[in-house]
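Chain IDs A, B, C, D, E and F follow the sequence of writing; residue 1 opens each chain.
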Amino acid sequence: MGVLTLACFSSLVGSKSLDFTLKLAKTAADKGHTVNLWLSSNGTMIGKAHQKHLKDYSHAEKPVRELLEKGVQICECEACALARGIQKPEAIEGVQWNAMHWYLAKIYSSDRVLHVGGE
Amino acid sequence: MGVLTLACFSSLVGSKSLDFTLKLAKTAADKGHTVNLWLSSNGTMIGKAHQKHLKDYSHAEKPVRELLEKGVQICECEACALARGIQKPEAIEGVQWNAMHWYLAKIYSSDRVLHVGGE
Amino acid sequence: MKLGVFVNDYKSTVETVERLTAEKLGLIFIQNGVFHAALKENGKPSPLLDKTGNLYALSEDLATRGLTAADVDSRVKVVTYSDVVDLIFNDYEKLAWL
Amino acid sequence: MKLGVFVNDYKSTVETVERLTAEKLGLIFIQNGVFHAALKENGKPSPLLDKTGNLYALSEDLATRGLTAADVDSRVKVVTYSDVVDLIFNDYEKLAWL
Amino acid sequence: MADIKLAFVIQRPPYKSETSTLGFTHAISYQVVEMLLEDGQNVIPTVCLVGEGVLNLIKDQKAMENYGVTSVESHGKNSLLVDLDMLVCKEDMERFGLAEDRLLDAEDMGADKKLQIVPYAEIQKVLEDSNHLLFF
Amino acid sequence: MADIKLAFVIQRPPYKSETSTLGFTHAISYQVVEMLLEDGQNVIPTVCLVGEGVLNLIKDQKAMENYGVTSVESHGKNSLLVDLDMLVCKEDMERFGLAEDRLLDAEDMGADKKLQIVPYAEIQKVLEDSNHLLFF
């Protein structure tokens, strides 16, 4: 079993990169691997609670809560979130807020890193 | 003097398309033209109040309030906003919420339309 | 038709623009589209500059990228936001953002 | 190095991929990257398929776009999310997302 | 002038961003725009698919099954169902090697309209006949 | 292994998305990562600029004046100031007709480091020597 650190810089809605990242994280965790997930740029939109689930749009709140239950560590870039008007009390409980060095520190002890860039 | 309807589907942060659209709207309004602005997709992030102004990121709250004062009508796509977890009470006062037909109706009585697409 | 096209990107826009025709066509280079006006890739100016005689580049977007009027191909007119509003209302009836 | 490249787009990725070399190179086509595995533009398969013998396409992303295994070039192996996790840990040491 | 013609030009591939979906949904909204207009005022959209945009029309998309979101195909079918004219660029179909039977139709939903596969020159004509252009 | 080497490959143009800025800021954060690591554990990033990514380095960017945001140039200069190795692809400079004197330096800020303009083959070597790759 290994350690996989994922990052995602793509927005939740529209782009499927974040959906891909969440599915890959779930599959790896289900197989017994340790998974970390760093969210930056428009990816920080994922951490906001109370996203209305409309059929036309991807919806991350449920998968994010599932990943947290599986022990996946999820952290979002504080500055990126604040710049988008997302405040800490609005975040999904269990999603960490920190700066970029969190990501580099997770990479340090990872076997594999998949950095999913932005739009 | 004419009527210009603008739409912007690009996100506020990172992409400069929304900055461009706001500057163009301001310049046209200052010249005496009537301006309408429709926001959809990631562009709906613009309507959220309390965006922290960090130097690394574009900031729309001030220019949006200026445009509203100049009489520019601004409306955002309700579904796009809700899917991103933005609720109506969080919106900047004066920004309208409606569905896509608002945009088509504004186009109907416009001399010029500039549709700024998404990422 | 009189068509003003806003070219906002460098690489991905060439194909669609190449196809468009209009009695009067204007290309307004903004954002990374201004690289079309200023860069000579492998020594050659962008093929878009041969498409029409009505070429404009937004000065603020040139400056934002560290480019100056001296970098701009002589066929391209450097314009301000105010000029762009006038182009929209006076010179073109239809607009496209590519 | 053993490098697994996630190709997630159709048009914009070719240039960077063409340049990369590795002792063992794998191309994993996901999202709109799966069009590389399934479309023959002007009758020709994507040039990326000549780059290496290790070619994979994610079945869910093919199906999402209305493509089936029958559309996929015979050199490309159709894989699941679970297969992708195994490729990451067993076959490649470094990963790139392009 | 009572009728305003709009060209909705969809030129991006599906699922890369939500742009192509929004192209369809914005066009479809012409159906309810009369609420905001005077009697006799009409908005008439034509949807044109060019370049990678034609890839939105491949049928049997499993987006709901795999990602829990409405497929772009559904939005395309809904567009036919509300009687929108949808023009598909013939040259781009050929370039991507897509036969007509790979593309969606909305017969099963009772739509009368069908996709119209036409040379690019006809799409150019739509652009010229339209009052405004919206590139998605 | 005490040192982990990371290649930050910036390949997108400036201001299209925030991607290139975030490439620099993520690399710069190596400076404070020791807070979260044990003694003797180090993260060593190298920033590589390839393709349209080299356009991020053109000097005299007026982003703050025109749009009120920190320029990508500033982030590039900060990267030199914190002693990051920054490799710029020579072939891409030539392709875009950019002479070396058009690119930023951080001498005015007292940086010892300079941009290193190198053939692509040297960037390929960095990719091979790194433990992980991050493409921005």
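Convention: a contact is a pair of C-beta atoms (placed from the backbone, for glycine too) under 8 Å apart; a residue touches a chain by one contact, two chains touch by 3 or more.
Model, not experiment: these values are computed from the prediction.
Common neighbours of chain A and chain B (chains touching each): E, F.
With chains reduced to the mean position of their C-alpha atoms, the one farthest from chain D is B. Distance from the chain C centre to the chain D centre is 35 Å, each centre being the mean of its Cα atoms. Centre-to-centre separation between chain B and chain F, using Cα means, comes to 33 Å. Look at where the CA atoms of chain D average out and do the same for chain F: the two points lie 28 Å apart. Chain B and chain E, compared by their mean Cα positions, are separated by 25 Å. Multi-chain contact residues of chain E (touching two or more other chains) are listed as 15-19, 25, 67, 132-133, 135. Multi-chain contact residues of chain D (touching two or more other chains) are listed as 11, 31, 60-61, 64, 95-97. Annotation for chain A: residues touching 2 or more other chains are 13-16, 41, 56-57, 59, 112-113, 115, 117-119. Interfaces, counted as pairs of touching chains, are A-B, A-D, A-E, A-F, B-C, B-E, B-F, C-D, C-E, C-F, D-E, D-F.
If you check the complex, the residues on chain F that touch chain C are 13-16, 52, 55, 58-63, 65-67, 71, 73, 95-97, 102. Residues 9, 11, 50-51, 120, 124, 127-128, 130-133, 135 of chain E are the ones touching chain C in the complex. Interface of chain D with chain E (complex): residues 9-11, 31-32, 35, 39-43, 60-61, 63-68. Chain F contributes residues 4, 6, 12, 17-19, 22, 25-26, 28-30, 32-33, 35-37, 41, 43, 45, 132-136 to its touches with chain A in the complex.
Within the complex formed with chain E, the residues of chain B that make contact are 7, 9, 40-41, 99-105, 107-108, 110, 112-113, 115, 117-119.
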